[in-house]
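Order as written gives the chain letters A, B, C and D; numbering starts at 1 within each chain.
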Amino acid sequence: MIKEEMRIRSNLPIAQHIFEMKLEGNIPEEVNQPGQFLHMKTTNQVTPLLRRPISICSNDKDKGQLTVIYRSGGQGTKCISEKKIGDTIDVLGPLGNGFNIENVNRTDTVVLAGGGIGVPPLYGLGLELKKKGIHVVSVLGFSTASATFYHDKFAELGEVFYCTMDGTEGHKGTVTDVMRRENISFDQLFACGPVPMLKSLEDTFPDAKGALSLEERMGCGIGACFACVCHVQDDPTGKDYRKVCSNGPVFPWREVALR
Amino acid sequence: MIKEEMRIRSNLPIAQHIFEMKLEGNIPEEVNQPGQFLHMKTTNQVTPLLRRPISICSNDKDKGQLTVIYRSGGQGTKCISEKKIGDTIDVLGPLGNGFNIENVNRTDTVVLAGGGIGVPPLYGLGLELKKKGIHVVSVLGFSTASATFYHDKFAELGEVFYCTMDGTEGHKGTVTDVMRRENISFDQLFACGPVPMLKSLEDTFPDAKGALSLEERMGCGIGACFACVCHVQDDPTGKDYRKVCSNGPVFPWREVALR
Amino acid sequence: MILETKLPGLPMKNPIMPASGCFGFGEEFAKLYDLSQLGSIALKAATAEPRYGNETPRVAETPAGMLNAIGLQNPGVKDIIEKKLTWLEQYQVPLLANVAGSTMEDYENTAKQLADSGLVGAIELNISCPNVKEGGIAFGTDPDLAAELTSRVKKVSSIPVYVKLSPNVTSIVDLALAVEKAGADGLSMINTVTGMQINVNTGKPLLANKVGGLSGPAVKPIAIRMIYEVRQQTDLPIIGMGGIHSVEDVVEFLYAGANAVAIGTANFTNPFICPEIIQGLEQWAKEKKVANIHDVTRSEVVEQ
Amino acid sequence: MILETKLPGLPMKNPIMPASGCFGFGEEFAKLYDLSQLGSIALKAATAEPRYGNETPRVAETPAGMLNAIGLQNPGVKDIIEKKLTWLEQYQVPLLANVAGSTMEDYENTAKQLADSGLVGAIELNISCPNVKEGGIAFGTDPDLAAELTSRVKKVSSIPVYVKLSPNVTSIVDLALAVEKAGADGLSMINTVTGMQINVNTGKPLLANKVGGLSGPAVKPIAIRMIYEVRQQTDLPIIGMGGIHSVEDVVEFLYAGANAVAIGTANFTNPFICPEIIQGLEQWAKEKKVANIHDVTRSEVVEQ
């Protein structure tokens, strides 16, 4: 884990409220799994006070560059979206444990199930899987057509199913709906998106292998403050826990309680 | 008084910690006296919370441009100093009452006595006096040579005496020292600078005509909050007051108590 | 879409007013916009006699906030009525007259004169100003004294009386319930939080008065908590304040349990903030399809 | 130039320590820098039994501050001693063990075990955590209870006891004097200010626990004021905290009357803040030609 001022190489809107930012520095060298995240200070001021956790979308060790995709919504992400090429940004990373693909076999079919701003880390994961020659199917859900992004990039990974809540692009409905309707089968399922989506996937595919990536409000981002804990499934005492920032954000299916 | 986003035309260091900034907008049209000031929001965030009062150094109604000179010291002025050409800045102005030169006769000799960051508004005042054909002598005091600025500009107004506390430029000592030592006489004396300087001028020239410009910590800048009041001289009740922001910042000599 | 807000003595067009001490008597702002847009105006504190207040510096900036120790500078109640209130009458805005003092008699006299003037809609008892030495604070921290003061002022005042509560207490609920019992018609909360800044160059307090009152966004979470707590215990009208800078902030205060809000420090950052927020609130209600702004206040808060 | 700071039970190299709850038991930070640089470490609160704490969301961001309602999650005093303290021993940093509980017996037992372990330099009684329902707060707001708790813990503890004071009181001086009389060896101040944030999309409190503790730069003026007030009344060592983010902030706390300082929330913004501030303080003292950092604390504060 490094704290550094990363240089901004580009920072452009790619969909409604969605920005893609390319950053350069020493952190890319340290990234060891897709699904790890950065903790970003949005200004040099004491407001916004807290860092913002943003997943690494893709990483290029050789160039020392990485890409993040983020939604500009609240105060902090708005500050990030106003940064210009050549500016620097104070970044802590890489943080957390990402997607472990060591147990994915070369002959497996992997489904990447992404919802909204949960889609970006799946792209980096897909790149790694493809590098290993693994068959990748992406099922990507968005609220509406104007919120979608990275069509070409996901197309390069393999087959892609889109769905939107309002039906303006792809199937109308949720990621789970599409997977059921299209009878999409898989050996391993990797997912990132809002909790209701994850929950519905877990309920629908109770035996799925693979992993999911969780979000939780964070303080430190490094495991010290206990802001980001979640419960564990099958824990009669109710006292067991995982920290999303340092044990996760990626967990095997059915390890943590989704609520 | 207008509140507007002024466009930054330049923002460059001209001495140690001292910046000159040129701004464009509708405020210049409203300026009616040298010595009025702007109240500047330094960021779009809630920190720094308060606006910063900065005097108008010179004003060009025709071009819709004005110049300010400021010292980058604390948090807020640092934010201003980081702004780039083309950026905008939220400005309230023009505020307050400036130097009244209606009572200066064409044949008068006027001394402009400035100390440090009190020097800038005197330049705009000097321009107006010169326009009326009045004989201007400037006596400018700084801490040290590297903090001085606007040599050429003041030279264009007339004779200039410099002094520095450490003797690195001009006379060693204060503005009052220089005026005494050089026997500088005047019909009217206009001054802006730290209170000890103003006080020493007032003590040395107890009958001076003209005016001085005061500083005080401000809240609103428009006369509503009573943050910036000062006592009045010869006020037995102790209850009389002036607001620096709206009655001043320029006052005739001996109207307000200097402490 | 309804913004109208009827509080005791204050038939407001909308739930927005400038906060006491941050708007003078409106003269400066009247040059900037039409004051008749405002729901109400909380006037600068009136005392029986004219006051100069504290020495300067009277304000300091803090992270997302400011400290002030103005010390209740004002021309005295007589001048206020004669010069300020008669002038304000033209705007037809219901006025909330903030009253301060060092003795119960002071409060009674000042409040009575204001009420009898017929020019203000309600009295706001400032029992919580941290910036004056002579009493005032004790009234704001001791429930018994607060109650006694309230009932005495109620007796002499023909118009509704709001009590402005101090956040510098262990239990603001105790204070609220005490003044409610004593007959208060409404609550204003919160006044400023006592704070201090030290000048690191001199090692001494920056404000001449040493301590000052903290206001601005920094205190908003404290205000929201206190209003939420008090709202669980009483149905009295609450005028909420503390750090409001945006329409979202106003909505947060309404959800917490405020019936109307006052905007203080933000007037310094943006003198046009009050009319801008009134417009913005209208817009917000339209977008959220809220028919009556007071549906926001009441519906969500009752259950703990 | 001397930064050394000798407080009861805490022979510190410098006056800087991370604040309780913001640094865990140091494990995460030990990966980032050498903990032996620190003056001391205030450990995360220990309770008699393991606790899960509150549900999430446990933190919210506020203007220049944050709210937290962790709810004292910790593995229980036994595990803390066996796993955390024995591991921390390698750094040779004096430890300040924060203790919380819901009954006096809880506090006594936990404090005794920690003291008896021989692994910590002093106890910090957390009588002021606003984020747990079962008691704890009352100890922090009632001077008599605070005093009783202090003297009971003093009796069972072989090491010095600091009491961590709550800012959510009418008079923090009363609390300070009460625990001083009861035998406290030092004071920590301030704990967090109780606050709330409401999610304007749902109209409901954002934190699962509804209320949380406000920390960060926003509360600094409150902390400075309280330390300054308490310093007028007692010579007890004070560990000051609340919003420290820079060397200037540390100096401000020392001028206010603190003998050492703790840095909490700033560790989240910058995990390297503690060593950076230690270095910066050394630099500052050099520039200002301060021979002993404690000349700053004492000289300026005594006169009111």
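Here is the rule we use: a contact is a pair of C-beta atoms (placed from the backbone, for glycine too) under 8 Å apart; a residue touches a chain by one contact, two chains touch by 3 or more.
Just so it is clear, the structure is predicted and the values come from calculations on it, not from any experiment.
K.L.:
Could you tell me which chains make contact with chain B and chain C both?
P.N.:
Touching chain B and chain C alike, sorted by label: A, D.
K.L.:
Please find the two chains that have the most C-beta pairs touching each other.
P.N.:
After tallying contacts for each pair, the winner is C-D.
K.L.:
Farthest from chain A by Cα centre, which chain is it? Let me know.
P.N.:
The chain farthest from chain A, judged by C-alpha centres, is B.
K.L.:
Can you give the whole-Å distance between the Cα centres of chain C and chain D?
P.N.:
34
K.L.:
Taking the mean of the CA coordinates per chain, how far is chain A from chain B in Å?
P.N.:
Each chain reduced to its C-alpha mean, chain A and chain B end up 54 Å apart.
K.L.:
Using CA atom averages as chain centres, what separation in Å is found between chain A and chain C?
P.N.:
Distance between chain centres, rounded to whole Å: 46 Å.
K.L.:
Hunt down the residues of chain D that sit against at least two other chains at once, touch-wise.
P.N.:
Within chain D, residues 62-65, 216-217 contact more than one other chain.
K.L.:
Please list all residues of chain A that touch 2 or more other chains.
P.N.:
Only 46-47 qualify.
K.L.:
Can the chain contact pattern be summarised as a line, a ring, a star, a complete graph, or none of these (other)?
P.N.:
Topology of the interface graph: complete, with all chain pairs in contact.
K.L.:
Please output the residues of chain A touching chain C within their complex, sorted ascending.
P.N.:
Per the stated touch rule, the residues are 46-47.
K.L.:
How about chain C: which of its residues touch chain A in the complex?
P.N.:
63-64
K.L.:
Any idea which chain D residues touch chain A in the complex?
P.N.:
On the chain D side, the touching residues are 21-24, 27-29, 31-32, 44, 50-53, 56-66, 68, 70, 73, 216-217, 245, 265, 267-272.
K.L.:
Which residues of chain C touch chain D in their complex?
P.N.:
Going through chain C, the ones touching chain D are 62-65, 67, 141, 168-170, 193-198, 200, 203-205, 210-212, 214, 216-222, 224-225, 228, 243, 248, 251-252, 255-256, 296, 299-300.
K.L.:
So in the complex, the part of chain B that touches chain C is made up of which residues?
P.N.:
Per the touch definition, chain B meets chain C at residues 1, 3, 41, 46-51, 76, 92, 216-230, 238-239, 241, 246.
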